[in-house]
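Each chain carries a letter (A, B and C) given by its place in the written order, and its residues are counted from 1.
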Amino acid sequence: MKKKLLATLLGVAMVASLLVGCGSSAEEAAPAAEAAPAAEAEAPAAEEAAAPAAGDLEFKIVVKSFQSSYWQAAVTGVNQAAEELGVSVECNGPNAESDIADQVNMLTNYINAQPDGIGLAACDQSAVLDALQMAMDAGIPVVCFDSGVPDAPAGSVLSTIATDNYGAGATAADNLYAALKDTIASATAPVRIGEVNQESTSESITQRGLGFIDKFTELAKADGYTVAVVGNEFYVNGAKDKGDEASANIIIEVAVPAQTTVELCATEASAIMNKSDVIGMFGSNQVAAEGILSANENLDVLGTEPGTKILAAGFDAGSVIKQAIRDGKMFGAVTQSPLAMGKTTVETLYAIANGETVSDIATDGYWYDTTNMDSADIAPNLYD
Amino acid sequence: MGEVILEMKEIDKTFPGVHALDHVNFEVRKGEVHALMGENGAGKSTLMKVLTGIYTKDSGSIIYEGKDIEFHGAREAQDAGVVIVHQELNMVGHLTVAQNIFIGREFKKGIKIDDKKMNEEAKKLFDRLNIDIDPTATMSDLTVGKQQMCEIAKAISHEAKVIIFDEPSAALTESEIEDLFKIIRDLREQQMAIVYISHRMDEIKVITDRVTVMRDGCYVGTLITDECTKDDIINMMVGRVIYEEPKTKSMVAPDAPVVLKVEHLNAGKMVQDVSFELRKGEILGFSGLMGAGRTETARAIFGADPKESGDIYVNGEKVVINSPQDAVKHGIGYLSEDRKRFGIVVQKSVAENTTMADLPNYIKGIFINKKKEREVAQKFVDSLNTKTPGVDQLVVNLSGGNQQKVVIAKWLCKNCDILIFDEPTRGIDVGAKNEIYKLMNKLAAEGKSIIMISSEMTEILRMSDRVVVMCEGRKTGEIAIEEATQENIMNMATREIG
Amino acid sequence: MEIKKSKKIFKQEVIVFLVVIALLLFFCLMSPDFRKYTTILTIMDYSYYIVLMSIGVTFPLITGGVDLSIGTGLICYSLAGGYLVVHAGWPTGLGMLVSILFGVAIGTLNGVLIGVMDLPPFLATLCTCMITRGLGSICAKNFGVSWPTAGTPGSWFRSIFKITVNGTKLPLGFVWVLMLVLIMNFVLKHTKMGRYTIAIGSNKEAAILSGINVKFYHIMAYVISGFFAALASIAYSAVFATVQPGTGAGFELEAIGGAIVGGVSATGGAGSIVGSLIGVFVICLLKTGLPFIGLQANWQQIVTGLVLIGAVMVDIIKRKREKK
């Protein structure tokens, strides 16, 4: 019975993905998905099998790593949804976000296990392309979450559930710029904003980093300043306007460590924070933000009063960052909703398995600081 | 000379395939220096290893200080007062002299090692032996001679009663030997019993009181040194029995061209001003005792060790050989005495070993031409009569003699015309030995030229067309096979160097 | 002659010390931001765990072996202890004790594999390196562990390494590290443990023939290495906020590199703990200083690698000279 069901579902998924493959966008895929029940109708045995499907559905989730409590929250969301929907879910992920090959390996293994759907948070945008093609060939629907895969083979990724990372980075820039506006206005010499990104390979991190840079530049220019971006080549070249360092009023310096570990992020952060013209810092994920805080342990330059202290904006939550915001060490941070993201991923996979049409879902990033971090709409997203 | 302190009676020891000790008797008295002599492999070292418990005897008895005893290991013998000063030095180079002497039984002050006291004790010991060495010096900074002195001091510091010197003078300079003898005489004065193993005839005459000679694992006899001549001892060492018919006449044509000429070769202490010629189709025997510098000479010619000076001519042309690759290029092949370490790769097949030195000729594109490799290997298996189930057999599974043939095949495959055989039959049984001999004769007849280094007198006499004798890094004689006898070769091999 | 030799070892340490001074001057000259008291604090903070690992790994190195498991081991021990403190509510002290016992256990395992079962050190510790990497993730249920942060209950252990007196932060950890360096220097130079470690690395055969219990001392060298990796794990937990599973690979190279820069012979037999300490500071200075002069992360690693090649070359040349 189970085998039959699987075979049927597989057939459905294959037809669906085949048709999706023909279309070039998610919208066009809609009729294909609608066509699926028709295929089912032709196989009467499948009809009765479809009803108790929920209990037998099996999804595989590949996260980026288990390095931060961010992923803990995402996995919690995944498990919650699995329980509510009565499906079985298995989660796995590499040891570190930089173990790209390990993750591809896990993904391939999952594809070979022929699940009913795969949720993927890709460590690297390009390394997973072959695997996605494989999944599509095997008729396994894939939903990306947290980070999208922009160059994925058409039709392989049915939905991307991600924070609008570019927008979230911009949110940080909005808040930081607003707080620093007066300091910049009164400055007699060029001022410096530091940005620490743990790497330059995943979409979520790079989008946040670039979102921050572009938004900050935009706001500063609107006020008549000139801005230059220096440091890591990837980000300098990715910025909309990299400016000219010699003539700029505001310099945005971007650092990327060789490995995604706290102590290397901290080393990079302290090199920037030691400069006397630094007025603001941005760490684009939990590790980078904690690196900035580690550096501050000795430097003691972070605070909430613009002008006398460096204002630092973080990203994500975790006990260390939350504590730092409460203590007035960190000015504020942007949080995503990993829990909701994990939940939505499973729900979307479930919807696909039931033949529903899905499209990309963007989740927001929220700014939080001492004033609102305990409020009802923010607090649940602030995992430890 | 005092009473007998140690007596070994009817000691018998058999290793698989070898009767190493055949009911050997040996005794040493207090206040005596007793030489133990014999050719390489006569059983001297085995006897001493049985004494100190490194080997267990099959039968016989050891009586030490009136009691029947058996030591289980060097440590136990040491504690009882029987110590060996090894030929190879057992020193920890990075530690100081005093730290080495007292290693394993350091003086301590709480948990701290009392280096000060150890230095004082070492100093006292050196004073007693009239040795001038700073106990705080780092061992690796001392000369080999001084290290040897430390080894002796270490032995004595164990309250030794019987000290065995295993070729103590092998690495020493003349003046260091003088110092050593002084120490030995002092020890004799102190009523210690000393066993002195050496090849140097002149030393035996100078320092020892009695000489016991062994041959082929058997006890030959004991002489009082002052009452015998050097020739007496040599006669006892070589014996009268000739096992194999020696060659009586050189097989080389008198006008055969010289294929290899070595002139004034110098390479360290073991190769000093060595010159010789090798003719086409000749088997040139290199005789001498262990440590005479024959292997070193071969390695220097082959480019395996650096040369200091000297010229090498191949087929009349002067050549530069700085590495084994150079040597092979000029058609020189070297069959090491230690096959397993240098000659073959035991975990590879016969075919792979055969073509190893000549691999570039078996490459097709980026792949090894396995078919050609196997064909060529099979050809050599047939022509050398190598006993192997097939060319794919791993060399490790072959007998010693057949392994040797694989090494020979390797160099023949490379088209080497000059082959240096270093102890070609070591560790090979009698039947296989004969095969190797036949093969060497065949190769010589085919026009290959062979240098054969051998420590076996019978082998030298049976195979060589001419014999070069070396002693302590120098060539001490060259003799045509027609005139060669065991006695005159041994005489040259043990010759005093002025 | 003997005096010359002891001078030579002394010299190596002095040379490396001069390199440290030169690097300090270089960075101060190149970057005004580097010339701050806080930079010293930062360098100290980030050096503790490497110095501690390096003290320990000097022993296996002197026996002629190596211990590659200390980096991932460090993370593993910290995760195990930290998990118990953070999630199981154990007192901090007890968590630290667990870390240390864990380290000693892995060290013993290494020692038995190498000293008794005769596995090549590189292979044996490479295996335990993988084992500890996996084990650490399992211990922490795959999630990062944040030991109690400053100001929260149970965070007293952070002040072992840094205290604030009259508003000035003092790198107290350096005092402890220095004490441990001196103690282990004594152990290496003046106790049986150290002497036999050298003997094993210099001439194992001679050590056996001298009746030394070589197996025991061989094992102990790795136990010491494991113990100090565990101490390093505490230093790491105290300095950094979060310990992440799956990291740690590569830490051991900094410690081993430091030891070799400091004059520990790559083939065993020679070396000193003081040398290792100074050597680690060369590595730490590069690590902290290079970002200050604007060198991108990947270039920093290349420079550090080149420095290591230089140090190993010096070691090889030195040994060749000694042979002559």
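Definition applied: contacts are C-beta pairs under 8 Å (C-beta built on N, C-alpha and C of every residue); 3 or more make two chains touch, one makes a residue touch a chain.
All values reported here derive from a predicted model rather than from experimental measurement.
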Closest chain to the centre of mass proxy, which here is the mean CA position: C
Chain whose average C-alpha position is farthest from chain C's own: B
Inter-centroid spacing, chain B versus chain A (mean Cα positions, whole Å): 73
Mean-CA-position distance for chain C and chain A (Å): 36
Chain B and chain C: spacing of chain centres that average the CA atoms, whole Å: 46
Per-residue multi-chain contacts in chain B, two or more chains: none
Shared interface positions of chain C, touching two or more other chains: none
Residue numbers on chain C that touch chain A, as the complex places them: 33-34, 36, 38-39, 41-42, 45-46, 133, 137, 142-144, 146, 149-152, 162, 169, 236, 239-242, 244-247, 250, 287-288, 291-292, 296-298, 300-301
Chain C-facing residues of chain A, complex: 65-69, 71-72, 93-96, 99, 231-233, 255-259, 261-264, 266-268, 270-271, 274-276, 286-287, 290, 293-295, 297-300, 318-320, 323, 327
Contact footprint of chain C on chain B as seen in their complex: 74-75, 78, 90-96, 99, 103-106, 108, 111-113, 115, 134, 136-138, 140-142
Of all residues in chain C, those that touch chain B in their complex: 1-2, 4-6, 186, 190-192, 195, 198-199, 201-203, 205-207, 209-212, 269-270, 322
